[in-house]
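Look for chain A in each of the two complexes below; its partner is chain B in the first and chain C in the second.
And then the complex of A and B:
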């Protein structure tokens, strides 16, 4: 590792400005949105918060999975994943806004409504205990993630520690207290991280199962599906794989990463997107099949609101297909099927597309965009029902508020990413 | 024509020897390896294996058969179940999915047998049982007058033994 890389660097000006501006756009849009239509603003906020919070945590889970399986093919990939995890503590803070907007999002926060409509569920869904539970879980996840990141990054701080002119020396000193020398630190980090990785992975599945139940399933409080939490959390994991691939492709010629994202590593990331997208569809189908088969209104309501009447009960006839596909939200949901499964499956089936940056990048971007729409589809139809849309309620995933807030989250996510990846020496690139 | 055998101890050395031989213009090579090795595979530039085609054909056969069989059966003996249409695609997807895996898997094994055992039957006398144990063998087919050059290259690549098998 060269001396320049092992020293903390200041944030790169260009990207900082761009992402800072995006974050500002998001904040301003959200502010204006709140004053004009708070319901829509909080809805959009929840949609984007879900997307990025679970993605950041999913990135750390992939990094943990690499440690747990003793993978040695990844080179700098797990450092990129660690840097993506830097958003996790911020996602905890951003959750406060969801709590503030709770009365605009969740019907059950009104105890009178809850007692009348979801009798029996008030114990689980009530204000503030539901939010308190989720905050505790998110704080726990942030704590676990921070410990994992500390253990993972600590051995790379040796040179920064020895250099008196290091910026942010206080923090570096704190993170390298009791330094044992680089070789010993690396060996220790390897051992410690592997234990911590198991904790991160398990905590993720438990934590985000709660978030999926409390923050998405409860938007339609009558609906239940035991498969849904796993389906949602897996989506977070897959979106992290897609974003990591995109970041690596973008940075593959940059300073310390040049020559690191080799053809065989691209092949491996492509294989992961391919395999995990099949598993995503598998989970979706497992959930859909039992709902379709059982045909209980309580369960089908969720599917009907998203996939329309075409795909339940007297389904899959060609007769009337096009009219029924024009029901609200249906086309959008089918687009997520295409972006998250059809395209990754057929395009990444061969070896060459996985290795070709432009094809792999396009599929990864499509998958990420697909997840953004999928998160929208999970949230919005529960709050603005298809009946309301047919009665004239305006709803679109591409309105100014939707795009503005989404850009804001992109900005905040990448500010965290850059802060971690650039300020911590050795975060990117890392010695493999 | 002659066959020269070099015996090596390490997969990376073997890959290195193959690269050197190919660099010197010797393309007719055969490597015996006790373990699969990406390095040797890349060095040999053998191209893609034909087994993948077997898997694809198996998978496509499985998925089509899974849907066709179930749909045909439900119209052959029509029974209304749970108010669903006779041909209920969502439920049959499970069968199609499983048959994709079954046929894909079975045909992959068949492809491995065909390509690995039948099509690439090896009759060279250079083979020895230790190549399935702890040693790597690199066999070069060349003209008799090229033997010294091949021997030199193999020795330079770290072979523990270099022998002319036929010549």
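And then the complex of A and C:
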């Protein structure tokens, strides 16, 4: 890596303005939404928080996985992943809003309701303790992530350290205390990161298993599935792969990355989306099949609320297919299935599409968008049941509030991403 | 450290010499081992004949535990068979070059493990001669198999897996058999002549060979996931408390890879020591296999924890009772053997020094084999012995017939492995040499 690009750069003005504006749109929308329909606002917020929190952490897990497997093809990819991890501390902060809106989201925060309906679970699901546990977990994850990022970034700060006019010089100095020279730092970072990577991956799995149980499964408090926590966490990981691919494709001609996201690396990222989406489908299917075959109402209820009665029948009756497929949420769920598995699998099967930026990018965007809808589908039908929808409750994934808050999260995520790249200029690398 | 003092092959000829040493005339120790394994296998055949003659009453299987040691052993050996395909197919696609010193051993092991496993459903049905009822073909008996039964899915999953494992082994062996053909002067020459399928080592043949391996890998990769998932659904789609749980498929797959890699270590360490293959199968290979063990052991541990947690969280009395029974009931000892061997014993493998210590790895691998057998035993017997109605609870003790057949399954597997060892190169010579020359170029 040449010394010149390790010098601090000014933030790219255009993107900053755009993402700043998006963040503002999100905040305003959420504010207006709160005053009009707080229940909907918090629901939308929880949906987007889940999507982006697990994605940011998932990006660091992917970076860790590359280190653990000695993936020597990665080149600049893990730097982009590290920058995506910059959202992790903010996600901890944003979780506070979920806590504020708890009474609009979780029935079990009412101890009287809990004692009556889910007696036996109060020990796990109760107002301060559940949230306290999750905050501790998220804070722990943020701490682990920070240590990992520090170890990973430190060797790139050499030039910034020697330059007295670096912005945020104090922080740079702190992060480069006891500097051993660039070569030694790099060797040390490799060794340390390798150890820390295992901790990041393990903490992610455990941490987000709890988040999935507490923040999604508990929305339908009678439902259980041992697969679900792992399924949710895997989704976070795959969505990070998709977003990283998208970012790399967008930035492949920018000065830090020009010539780095080569055809063979696109091929590799394409393979990852392909393989991981098959694995996603495998997890989904393994969960679905066991529930379908077992046919226990308390388990099938979750599937029925999302996939309708079509997919829990004891055999395949075609009569009435379109009626059943038109039950609330069913088509939307099928769209996620198409975006998350059908399209990535069939389109990325060959070599050419994986290497072609426009095709790979479209599939990656589709997958990301698919996850946005999937997270919506995990949250919403538990709060507004299909029966309520049939009785006339208004619900749409593409209302002004849903889109506004989603844009806000996109803005905040990329502001973190860009700010990280500014403070740690080596984070987005140059030609080597 | 061990890795540093390990010899590296002096030249490509030494690799040939090292590997083909296994094909030299047998030592008395080898003959003794074959006789011992053959003896135990014969005892197992005797026990099976006894069971077939007198009926299933001679086993410990009775209401409510109708699945016992036989099904446990079936699942165990199917699990063992997973390492071969993982190493041959998935690591091949990931271009993990280190696999080539161990893939032949793993593939051979896979084939023998599947063959061992495949016998157990037949032994379990008692009337061995009726096994063909499971095959769907139009017949004058007017019988048709029940495709809604996961046991039927098993027939197809395991059948497909057997086919592809054998194909993998044979295709990989072709160039090496040709090398052996030109080297071994005795009667085996004729066998090699047939099995090398006219291999001359032309560019055209190599190109086709490489394509064949690539396509087989692509086809075999989904099988690594599917076979043990289907086996897991034998249990998970039922309503037995402790069986009906959604995480079973990935949890079984991880467990299968875990036990399979452990078995690769268990069989390859003695082979390496007795034939002096230290320069070919090196400590770094054990290091890498150790990493797989750490990963899969963690997944298995995660699944244990999730199951216990969800049983409690569900507030379902039957589910809670099943898991309480599992940990503290009649079979507490089996459960704790399982947790100790599968989660606690592999913990030191997080440390690289330990993974490079081949003796330690070998001992750990044996513990894992024991632990993984007990995992299936725990799932099967505790589930069935403690279902919904307390009036229908019971305790299962395997009879001597079952234990003899269990022991025979190990000796049967080992016997075939030993015979294979004498007949064919246990290391993929061509691939090891390929890597050797690549490294040579880099040096």
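FYI, the second predicted complex is superposed on the first by the 424 of 432 C-alpha atoms of A that agree within 3 Å, B and C clash if a C-alpha of one lies under 4 Å from a C-alpha of the other, contacts with A are read in each partner's own complex, and residues count from 1 in each chain.
Please note the rule applied: a residue touches a chain if its C-beta (ideal position, glycine included) is under 8 Å from a C-beta of that chain, and two chains touch if they have at least 3 such contacts.
Since we're looking at a predicted model, the values are computed, not measured.
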Under the superposition described at the top, does placing chain B and chain C together on chain A give a clash or a fit?
clash
Please work out whether A:228 is in contact with chain B alone, chain C alone, both, or neither, and reply first, second, both or neither.
second
Just to be sure I read the superposition right, which of the two partners does A:250 touch: chain B = first, chain C = second, or both, or neither?
neither
Comparing the two partners chain B and chain C, which touches a greater set of residues in chain A
C
For A:121, select first, second, both or neither according to whether it touches chain B, chain C, the two together, or no partner.
second
Give one of first, second, both or neither to describe whether A:351 is in contact with chain B, with chain C, with both, or with none.
first
Identify the partner contact of A:213: answer first if only chain B is touched, second if only chain C is, both if each is, neither if none is.
second
In the overlaid three-chain picture, which partner chain does A:293 touch, first (chain B) or second (chain C), both, or neither?
both
Touching both chain C and chain B, counted on chain A across the two superposed complexes
289, 293
Residues of chain B touching chain A in their complex?
38, 48, 82-85, 87-91, 93-94
In their shared complex, at which residues does chain A touch chain B?
264, 285, 288-289, 292-293, 295, 313-317, 351
So in the complex, the part of chain C that touches chain A is made up of which residues?
222, 225, 229, 233, 236-239, 244-250, 291, 298, 302-303, 306-307, 310, 313-316, 350
Okay, in this complex, where on chain A does chain C touch?
68, 118-121, 124, 198, 202, 205-206, 209, 213, 224-230, 278, 282-283, 286-287, 289-291, 293-294, 296
